[in-house]
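Pasting the structures here.
In the two assemblies presented below, chain A is common to both, partnered first by chain B and then by chain C.
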Partner chain A sequence: MASWIAGWMAREHVRAARTDLAMAVVFAAVAVFTAGHGSAFATTTTINFGLFTLLTASLQVMLGFSNQASLTQAGIYGIGAYVAVYVEMKSGVAMPVALLASLAAGAVAGLLLALPLARLREHILAMGTLAVQVILSEAFIHLPGLTGGVNGEAVPDALINSVPVMVTICACAAGVIMALNHFRISRVGRQVLAVKADETMAASIGINVRLLRLVAVVVSFAVAAGAGCLFTETAGFISPDDFTLTSSLAVLVAVVLGGRSVTWGTLAGAAAYSVLNAETTSLPGLSDLLLGIMLVVVLGYLPSGLTGITLPGRWRR
Partner chain B sequence: MSATPARDTAPPLAVTGLRKSFGGVRVLHNFELTIPARSPGAVAVLGQNGAGKTTLLNLITRLVPADAGRIEVFGHNVLASGARQLAGLGVARTFQSPRLLLDETCLNNVALGARSVRRGRGSAGRDRAGAAAMRRAADALDRVGLGAQAGRVAGTLPFGSRKLVELARALALQPRLLLLDEPAAGLSDLEEGRLAGVLSGLTDAGITLLLIEHRMALVAAVARRVVMMDGGAIVFDGDAAAAIASPLVRERYLGAGFDQVELTKPERSDHQ
Partner chain C sequence: MNELTGAVSSSLFYGTALGLMALAFTIIYTVSQVFNFAVGQFMILAALLTTAVRFTGNAVVNDLIAIVLVGAMGSATYLVALRWPETHGASPLTLVIITFGIGIVVEQVAVLAWGSYPLSEAPVLGGHFVLNGNYIPYQGLLLIAVAVVTVTGLGLLQRHTVVGKQLIALGGNRATARYYGINDLALVSVAWAISFAVLAVVGTLYLPLTGVAITTDLSYGVAAFAAAVIGGLGNPAGALSGGIIVAFVTNLTGVYVNPNITDTLTFALLFAFLVFRPGGLTGRAIELLGPRA
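Up next, the complex of A and B:
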């Protein structure tokens, strides 16, 4: 009896490990191809893809695991970026310390925002987080002492189009997706998914619904803020234009576009958006337009997203 | 189980002066129900649709807030705590329409219950606790006769089996008070017969059952005590035979044409 249970549990973890391996291969291939290509365009595109994957993964924690829509991810990404620049400039700390500071800032922002947003659900929650994003966008512009205002903040020692930074970002993106992949089948992960499926049922079997919803927000915001720190390492300067509502919408579109598969959906959504963005840089308004069209098409005709069409049924989920 | 003496003597359930209205509709009015300690067996709640039976369960399990009154479970005032603390007090429930994760396996559904209580963990460590929870989940599925279906995805099971999976999930919480909302509704005769056996086994093991049920055969098979709700209060309180014989219960619930023959249904189930 006990042995088949162990076998059952092991099989799920073997499957997750196989997904990890595939994930590592995908990111390694992208990184090797980019490094081999050697052009600044390729490196920038891959860096943007890695950062956007991290943002998509951060929203996956909230929306995919916990059914909490957020239109604040870009704002939190901005908080992470400003915190990183601030601590690196003012106190001259090393990059890993700045990363920790950004992660902590994101987590604190999650704690502070989760309290007023705790009672909101579904589209009302989306409206609430939209309001937070608007407030953050205004704050970035109107707090020049901290953010440099509309002119932004120059980043000293940024490594623009650097291959090692590109590889680091890809490694972080792969690592975060792998972590989500294993979290899903962990004890707490299953409880989070139970809360997503049915809060009443979850509470009736002793699961702490409020705490798990809070944890999802805190982890999500910490990942987004961490991505913001990585962004500063590759950007010569950061400004409020990098952290707008449109960017938050793009993250939401990527999650919806990717679909319900936590690993492949995150990758597919982020990749689709990154390619679109890279191909339309010469026409600034075009990517926003296509973003809107994509959202309408996905919600109307592909409600389960890209991974929902190619991988029907329960494949890897 | 190492319960304190105070817990042993405290009644599994003591409801006093409970009141609940939804808008202008008065559902429970000064409702009183006590299940004394050391009185093994199931208590069945009868009543017409709208009599407030499910609302009573939802109030006890804190899914809806009470307007006034007091609910004690093993001596703890549950109105002072939230829904999830009840599992820690040893209270589990099922729903009239089963609430499962339909794309998870039966075992994972049941393990969700088993894993959210931490009993006997001690120094055994996390992995051992996790394995113990999985074993408890598998045992609970065996207990309801679905051990062979453990690896099946819950959404592919027929309705009756889903209800039994939900019962297994409640059992995996190792409850001392189990609240069942129409466990036999939608079950085949065969499944109902099995359910009666499972429930009798639970009462033999000392678990207190509070059971909302319309199938009188099941009530007669497992319930020691029958109460009937009408107009937000209890209008009959006695044993199953007395309930069936009671003119009041016959008039307001069973109907004048109710026949004792109906009670033999589960026993005939294997001739199908």
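Up next, the complex of A and C:
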């Protein structure tokens, strides 16, 4: 029995490594193609795709692993961005230090919010996080001392459309998806998935449900805030418009669009949304219209998402 | 005194509008446990139909046509976008996100059709009187009167007609209701139609006071959601009082404290209610809390 389980685990790890390799190849191909293309449009599109992948992955930690829906991801992304700009401007520290500060800010926000949100489930949790998102959006606008207000904040020394930054962001996105991939088959990952499947059952076999849900929120928010820091490095300018409820909805859309697979779903959802967005930049209304139609059609009629219809069984995870 | 009179009267009008929207929210929630986040869009769509399309020369007739049309859209929305997922095991969260999607589609179609610039809508009842130096429009009083009639009428409908009782039964337990021969497809569609007609009433009667802009849809929608939760989901009188509370909090802090913190305060209130008193003020128990681990 034990050897059977060990053998099965080993097979799981081999499969996980295969997925890692595939992810690395996908992101490397995207980065190489973009660099080869060389146009500012291509670089911007890939940067947005990478950042959006990070945000989608951050929500995947909450929704995909522990079934906690969040409409706050864009707000936390904003916190990460503003913290990074503030730290870099006030103390002139290097970018890695700013990144650490953003990650810490996201984790602290996660700790503070997870405690009251622990009482909520399912769609009510989504509504609670919606309230938090609205409050954060208002705070970004009405605290001009910290955020520059409606006019936003210029980012000193930002590298706009730079290829190295694009490569870094792609590497981060690939790395985070790989981390999710390994987390999924780790001991804690399996516990979190058990909580998702049935909380009462999970609690009855000795899993600390409350702690795991809290950890999922903290990790998720830290990743989103880290993505916010990376965003400032390429933006040159950040404003409350970048961190609205609509952006949070877009992240949620990407996760549900991607479907049940934690790894390929994240990639597919983020890619589908980014491509749609890039193709319709000249017609912003059209991209929103398509987003709405996709939401209704995919969620209503293809509940398992894009990966649910296109991936053969063994890839669905 | 001047300032207070102005703040109170505008809070009453805004609160009545939010209360009716929360009522529309609650009607759907009661029969199908769906949070409909497209309320703002359809409310404004009704106003756009009367201002931009302007079917006839008569404002009252236009409003009635808009109310019937938007009501029909309610049934259509349910049948096209939500019936199938709802009966095939979609989670409540999925249904909520679908309504967000419907709202986005309506908003973008409205922008494509009529642009995003604010329009002004002709009131049914022109004119105003002056109280403590404030203009009080008759249209606002009409809105309050219609709201009272609507809430009382729906309450009577619910308690004293077969359809009303069947709707309550459906909300209680849909499977059992069906075993007793209730046609859930028809009745839930009717509930969606009633809900959307209430939204159209708000759009046609309240928006002449403020101007019609489709881009304000989401803020109306989330404010109405806050009102519905604070008043107690599933409770018509609670919905109206929730709307009034949200409007007073918003307007009075806007006038006397700081206009920048009004939304923050409203949503902090919503957050506090969701976490600490999910049944709302009226305390009607609803299943918001998951199992305690």
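The rule is simple: the second predicted complex is superposed on the first by the 308 of 317 C-alpha atoms of A that agree within 3 Å, B and C clash if a C-alpha of one lies under 4 Å from a C-alpha of the other, contacts with A are read in each partner's own complex, and residues count from 1 in each chain.
Quick note on the criterion: contacts are C-beta pairs under 8 Å (C-beta built on N, C-alpha and C of every residue); 3 or more make two chains touch, one makes a residue touch a chain.
Computed from a prediction, not measured in an experiment: that's the story for all the values here.
Student: Would chain B and chain C fit next to each other on chain A once aligned, or clash?
Tutor: Overlaying the two structures gives chain B and chain C room side by side.
Student: Which holds for A:A197: it touches chain B only (first), chain C only (second), both, or neither?
Tutor: first
Student: With the two complexes superposed on chain A, say which partner A:A179 touches: chain B (first), chain C (second), both, or neither.
Tutor: After superposing on A, A:A179 lies clear of both chain B and chain C.
Student: Once the two complexes are aligned on chain A, which partner has more residues of chain A within touching range, chain B or chain C?
Tutor: Per-residue touch count on chain A favours C.
Student: For A:M95, is the partner it touches chain B (first), chain C (second), both, or none of the two (neither)?
Tutor: Neither chain B nor chain C is touched by A:M95.
Student: Of the two partner chains, chain B (first) and chain C (second), which one does A:A171 touch, if any: first, second, both, or neither?
Tutor: In the superposition, A:A171 touches no partner, neither chain B nor chain C.
Student: Just to be sure I read the superposition right, which of the two partners does A:V209 touch: chain B = first, chain C = second, or both, or neither?
Tutor: both
Student: For A:R187, decide between first (touching chain B), second (touching chain C), both and neither.
Tutor: first
Student: Given the touch rule stated above, what does A:I160 touch, chain B (first), chain C (second), both, or neither?
Tutor: After superposition on chain A, A:I160 lies in contact with neither partner.
Student: Given the touch rule stated above, what does A:A24 touch, chain B (first), chain C (second), both, or neither?
Tutor: In the superposition, A:A24 contacts neither chain B nor chain C.
Student: Using only C-alpha atoms, work out how near chain B sits to chain C after the chain A superposition, in angstrom.
Tutor: After superposing on chain A, chain B and chain C come no closer than 7 Å at C-alpha.
Student: Please write out, lowest number first, the residues of chain A touched by both chain B and chain C across the two complexes.
Tutor: Looking at chain A, the two contact sets intersect at 200, 203, 209.
Student: Quick check on the complex: what are the chain B residues that touch chain A?
Tutor: Result: residues 61-63, 82-88, 92-93, 95, 99-101, 103, 107-108, 111-113, 115-117, 130-131, 134-135, 138, 150-151, 153, 169-170, 173 of chain B touch chain A.
Student: Can you list the chain C residues touching chain A in their complex?
Tutor: Those in contact with chain A are residues 35, 81-82, 84-85, 88, 90-98, 100-105, 107-109, 111-112, 218, 222, 225-226, 229, 260-261, 263-264, 267-268, 270-271, 274-275, 278, 288-291, 293.
Student: Residues of chain A touching chain C in their complex?
Tutor: 69, 116-117, 119-124, 126-128, 130-132, 134-135, 138-139, 141-142, 199-200, 202-203, 209-210, 245-246, 249, 252-253, 256, 285-286, 288-289, 291-296, 299-301, 303
Student: Once bound in the complex, which stretches of chain A touch chain B?
Tutor: 1-2, 5-6, 8-9, 187, 190-191, 193-194, 197-198, 200-201, 203-209, 314, 317
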